[in-house]
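First chain A sits with chain B, and in the next complex the same chain sits with chain C.
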Partner chain A sequence: MFAKMFKDGLTRRRLLGSGVAMAGSAAAAAVLPRTAFAADKVVKIGFLAPLTGPVAAWGKPGLDGCLIWGDWINAAGGINIGGEAHAVEFVAYDNEYDPTKARTGATKLIREDGVKFIMMLGGDTWPGAQPVADRTGMLFSTLLPSDLSPDTTTLIAPCEVHPIYNVTGVEWLADNMPELKTAVMCAQDDALGLPSVATYLAAFEAAGIEMQDDPLLFDPATTDFAPVVTRLISGNPDIVCLDTCYADYVHPICEQLFQQGYGGQVISCTADFYQQIVAKTSEEFMEGFVFQFPDFDDPALNDENINFRMPNEFYAEYASRYGADQWGAVSWEYASIMDLWKAGAERAGSAEPDAVLAAMKEGGTGLHAFGEADWWGKDLFGIDNALVGNWPIVVIEGGKATIKEFRSIPEWYAKHGELLKKHMAAYGQMWDQRS
Partner chain B sequence: MVELLAQTGLNALYAASYTALVAVGLVLIFGVMGVINFAHGELFMLGAYAIVAVYADWNLPYLVAVAVGMTFVGIVGLGMERAFFRPLRDNPLGGLVASIGFLMILQALVSMGFGVRMEHVPPVTQDVIVISEKVRLPVFRLAVILAAVVLLASLWAFLKRTRFGWALRASAQDPEAAALQGISINQTARIAMFIGAALAGVAGALTAPLISVNPHMGHSVIVTAFIVIIVGGIGSLEGAVIVAVAYAFVHTFVTTFFDGVIADIVGLLLLLVVLIVKPTGLFGSTDRA
Partner chain C sequence: MHSSVTSLAAILGLGAVLLALPHALSFSQQEILVFLTINVLVVASYRLLTLTGEWSLGHVVIMGVGAYASALLSKRLGVYVPVSMLLGAVTAAMVALALSFPLFRMKGFYFLIGSFAAGEIIRLLWKRFRDPFGGPKGIKKIDPMPDFDIGIYAFDFFEPVSYYYLALAVVGVSLWIMWRIERSPVGLTFHAVHWQDRLAEASGVNVRAYRTLAFVLASGFAGLSGALLAHYIGTINPNSFDVEQMVFVLTWTIVGGTATFYGPILGCVVLTILNEIVLREAGFEQMRPLIYGLILILSVLFMPKGLESLVRGALSWQNARKKKVGETQATE
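Presenting the complex of A and B:
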């Protein structure tokens, strides 16, 4: 770290960041229980996500976060399984968001590396890995509960209930800016984009916000977003919704909205590397931009209901290692899944997939990063394998992401669940419609 | 509606400009060397990364970065000609396979050098020409359009008015007859490869501040370029320019008035219809088909 620091130039910000990160590491070692573990006691965890390609922004930052998590856990004595301390080691496989490579990677991680748990982004890659999960009984996690179905008994979505949490952003917008009456939406035409489209449509309908037009779908290979934006803003909508567009799309779309003179409200599932969007547009343009993923230096995360350990210190360490502008939506998510897996393994006294899964789901509740949550989803996914509770609404203020509020996803669903099911069915996204 | 049509027309002009640069470079390489260069999209990507390195990282002026990118990618093209295409001159399939392998090498090298994440390129200018409330032309997009026109006009003048240009055209029409006239096939191949690669590089460099720069960005560009050169007629420079403009207009208008997925389908349908009705392409000759 220090070699890199001096090579890149020692700046005040870098020095301060490193100081905070070192303090965080020391604090982590002090807070977490310390036990000695034999060098040969290692539990391996598979990381099967896109590390390259256009979807890498939802894989690589997560692996980076896991490496911090692993260093902290190992420094504090490892994971106590059956009375013995185990070091944790992550084995990564780049599936390039390709189902075939996901299948190869899952097989390799299980057979050659002997991992006990595999974390995935999911989406288009889950169908590739599912036969391996069925055959081996390996416990997998996904960030996308739309992968869940009654057949996916060893697949859990313990962190992110994408895209259902997007309803909280729309609900917050409607409550706080009732003057916004019309919306338009664009999305890439894929397994991430379409369920999110259905969710936003339900959320807008529930909030009484009228869609000016059908959602505008674009090919994931699109590079020039000027025509998309021209169409989107042609009817002067109050809200432009960017659905769950990848960072590679959110940035040029925002730049085009700025250049084509749009002055209304923008809402998006993510705004990864948003500092770069601010640089490409302006602080004024980005003011009030609503999305769903906080920076973990946010003071709101120090609330006693938050279960992610030392979020501010984690963010500082991440910023120190990789740069604050590399923080993204998934930087903390896979690490948060590891918190749940660690608790499950320690409770089960075993790292075996079935034992950990049973321990994780014991009592039907779990400690989600943003508070206590329920294992939920039978209604929507055909299986209660998604851990659902509160989710933050994040707004860019003065060029910085700020948590405005946490809202309950189950509470929204209790009121508007039928709407969500209606739109999911219209887009063929219910579990019994997916092939 | 008039404003929507006008804004869409401006969007289409921009799309046509960089598409034409990439497609013309691809056609030039095929015309002279008979090689389908699958790594052409990665040459576009290299041009964009030159901007990342020289303009974004080293903070040198943007125009210097464009010049560096254009020259650097041209030199990479020379290297490809010498290392792959010349030894495989009598084996067109071998050249194609070599270019596929090289595109993977370029992607891997860039991933190793810059990482796999999208690169941030600061805007060169945020000025916008406001024609009306709903019709706006960002100055930088206008600059890309003008640069493409100047570059393509310069290429046309080079091919029509200079001895090197005549040699290139002669080699493209009949390599053996050109060689009998004392034209060096190696030299014309080098010139064609340098210019073709440099055009892809400059297209990447010009558009880098407006698109997502990542190691895999060449893929979508090469697909469009192949559609353009097949419809235009493989080997026809005029066909590449005309079809690039037409394709950009059709794709942009369909995206705006329907959606982007339908626009892609329409583009592929055009390709299919042309292949059925006129397999040599709209402006192609039977010699190269």
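Presenting the complex of A and C:
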């Protein structure tokens, strides 16, 4: 760290950042329970996500976050499994968001590396790994609960219930800006875009916001977003919704919205590397941009209901190691899944997949990063393997992401669940519609 | 006589090595070996198409046609998987035949662009029609190849070694057929259509018919490779057959070279081992695209005739050496 600091030039910001990160590491070592572990007691965790290619933004930052999590846990004495302390080691395999490579990676991680748990992004890659999961009984996690179905008994979605939490952003908009009456939406036509489209449609309908047009679905190979944006804003909508577009789409779409003079409200699931969008457009243009993924230096995350340990220190360490502008939606997510896995393994006294899964789901509730949550999903996914609770609404203010509020996903679903099912069914996204 | 015995011994030796190969590899390398074997059929079939001088950007999509057809036939209609694989290949060939009518009104660069457009149309149809193609998420839980036992070996097709043997048999037979086609009068006519199309036409050769034949045959084998892939991984989606995958096929073909039958196969094998095993094992997992790209640039700069030129160089050096030794012995 110091070599890098001096090589790149010592600045006040970098010095302060490093200081906070070091304080965080020290605090982690002090706060977390310390036990001694023998060097040969190691529990390996697989990380099977895209680390290169267009979807890498939802894999690589997560691995970076896990490495911090692992360093902190190991510095604090490791994971206590059955009375013995174990160091944690992450073994990564780049699946390039390709199901064939997901299968190869799952095979390697389980049969060669001996991992006890595998974290995935999911989506297109889960069906490639599923036969391996079925055959070996390995516990997998996904960020995309649309992978869940009644026969995915060893797959859990313990952190991100994409895209259901998007309803909280729309509900917050409707409550705080009732003057916004019309919306348009665009999304890439793929496995990530479509369930999110259905969710936003349900959320807008529940909020009484009228869709000016059908969602504009563009091909994932699209690179020129000028015509997409021109068509999108031709009716002068109050809200432009960017759905769950990849970072490679959100950035050029925002640039086009800015260049074509759009002055209304923008809402999106993610705004990864939003500092770069602010730099490409303007602070004024991005003011009020609503999305769902906070920076973890936000003071709101110090609330006693938050279960992610030392979020501000985690963010400082991340910014120090990789740069604040590399923070993305998934930087904390895989680490928060590890918190749940660690608690499950310690409760079970075993790292074996079936024992950890049973311990994690014991009592039907779990300590999600943003508060206590329920194991839920039978209605929508055919299995209660998604951990659902509160989710933050984040707004860019003065060029910085700021948490405005936490809202309950189950409460929204209790009121508007039928709407969500209606739109999911219309887009063929219910679990019993997936071929 | 001596030459044919040597060839037979070489083939038997190669066969023995290929049969023993998976047992010398790790589990993940066995998985890679299965995909590599399937990809060998893709590049070899692509070369069959290029024999007539036409380069297509839709070959991987045609492979996808075979994959989708075989998956749907087995899943929806309950067709026995080996039969559905063959029907998948036939479907790919029939689609290619239909596409040949508009596409072979074009040549060269225009054919290249036309094939890309045709491929994209097919991919968009897969996305648009969720029933039966599954839309952007594609088709999941595709029926696997049914397991069977032959007494000395029990085939469990979840295991990569078993599936490798199946793929090896299918690809081996396919390569032998393609080899025979290339050596037949039909294959020689393909070469004539490529290098002397006007002369061939003046000699009474129906150039368009031969181009169509090469396109249809190559597409049939590509479709078969797609079916092999689909029934192994159990899932396919439109992105599995996008232009990015096509770029890989082009790269293997160009780096390997197209002058010989083995050129593209060599490119496929060497680059796959480099990308999937060497660079990953060497700890360059996240830098692979950068290093891979660099190696491609260097190989094109310093080996413009492809990897096959190294083999040909080595063979001619060996022949020259033998000749020289023979001359020396004759002089003595």
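Convention: the second predicted complex is superposed on the first by the 435 of 435 C-alpha atoms of A that agree within 3 Å, B and C clash if a C-alpha of one lies under 4 Å from a C-alpha of the other, contacts with A are read in each partner's own complex, and residues count from 1 in each chain.
Note that in this section a contact is a pair of C-beta atoms (placed from the backbone, for glycine too) under 8 Å apart; a residue touches a chain by one contact, two chains touch by 3 or more.
Quick caveat: nothing in here was measured; it's all calculated off a predicted structure.
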item: Combined model on chain A where chain B meets chain C, clash or fit; value: clash
item: Partner chain in contact with A:L51 - chain B first, chain C second, else both or neither; value: both
item: Touched partner set for A:T136, first chain B, second chain C, both or neither; value: neither
item: Touched partner set for A:G261, first chain B, second chain C, both or neither; value: first
item: Which of chain B and chain C A:G128 touches, first, second, both or neither; value: second
item: Chain B versus chain C as contact partner of A:D189, first or second or both or neither; value: both
item: Touched partner set for A:S350, first chain B, second chain C, both or neither; value: neither
item: Which superposed partner A:A221 touches (first chain B, second chain C, both, neither); value: both
item: Which of chain B and chain C A:N80 touches, first, second, both or neither; value: neither
item: Touched partner set for A:T104, first chain B, second chain C, both or neither; value: second
item: Part of chain B, among the options 91-99, 127-135 or 199-207, whose backbone runs into chain C after overlay; value: 91-99
item: Overlap of the chain B and chain C footprints on chain A, listed as residue numbers; value: 51-53, 60, 189, 219, 221
item: Parts of chain A lying in touch with chain C, wherever the complex brings them together; value: 51-53, 60, 92-94, 98-100, 103-105, 107-108, 111-112, 124, 127-128, 130-131, 135, 189-191, 193-194, 219-221, 428, 434-435
item: Residues of chain B touching chain A in the complex; value: 4, 7-8, 11-12, 14-15, 111, 116-118, 120, 122-123, 126, 128, 130, 133-134, 136, 138, 141, 207, 210-212, 214-217, 219-221, 223, 251-253, 255-257, 259-261, 263-264
item: Residues on chain A engaged by chain B in the complex (per definition of touch); value: 51-54, 56-57, 60, 189, 216-219, 221-224, 226-228, 230-231, 234, 247-249, 251-252, 255, 258-261, 273, 276, 279-282, 325-326
item: Chain C residues within the chain A interface of the complex; value: 26-28, 31-32, 35, 124, 127, 130, 132, 134-141, 144, 158, 160, 229, 233-235, 237, 239-240, 242-243, 276, 280, 285-286, 288-289
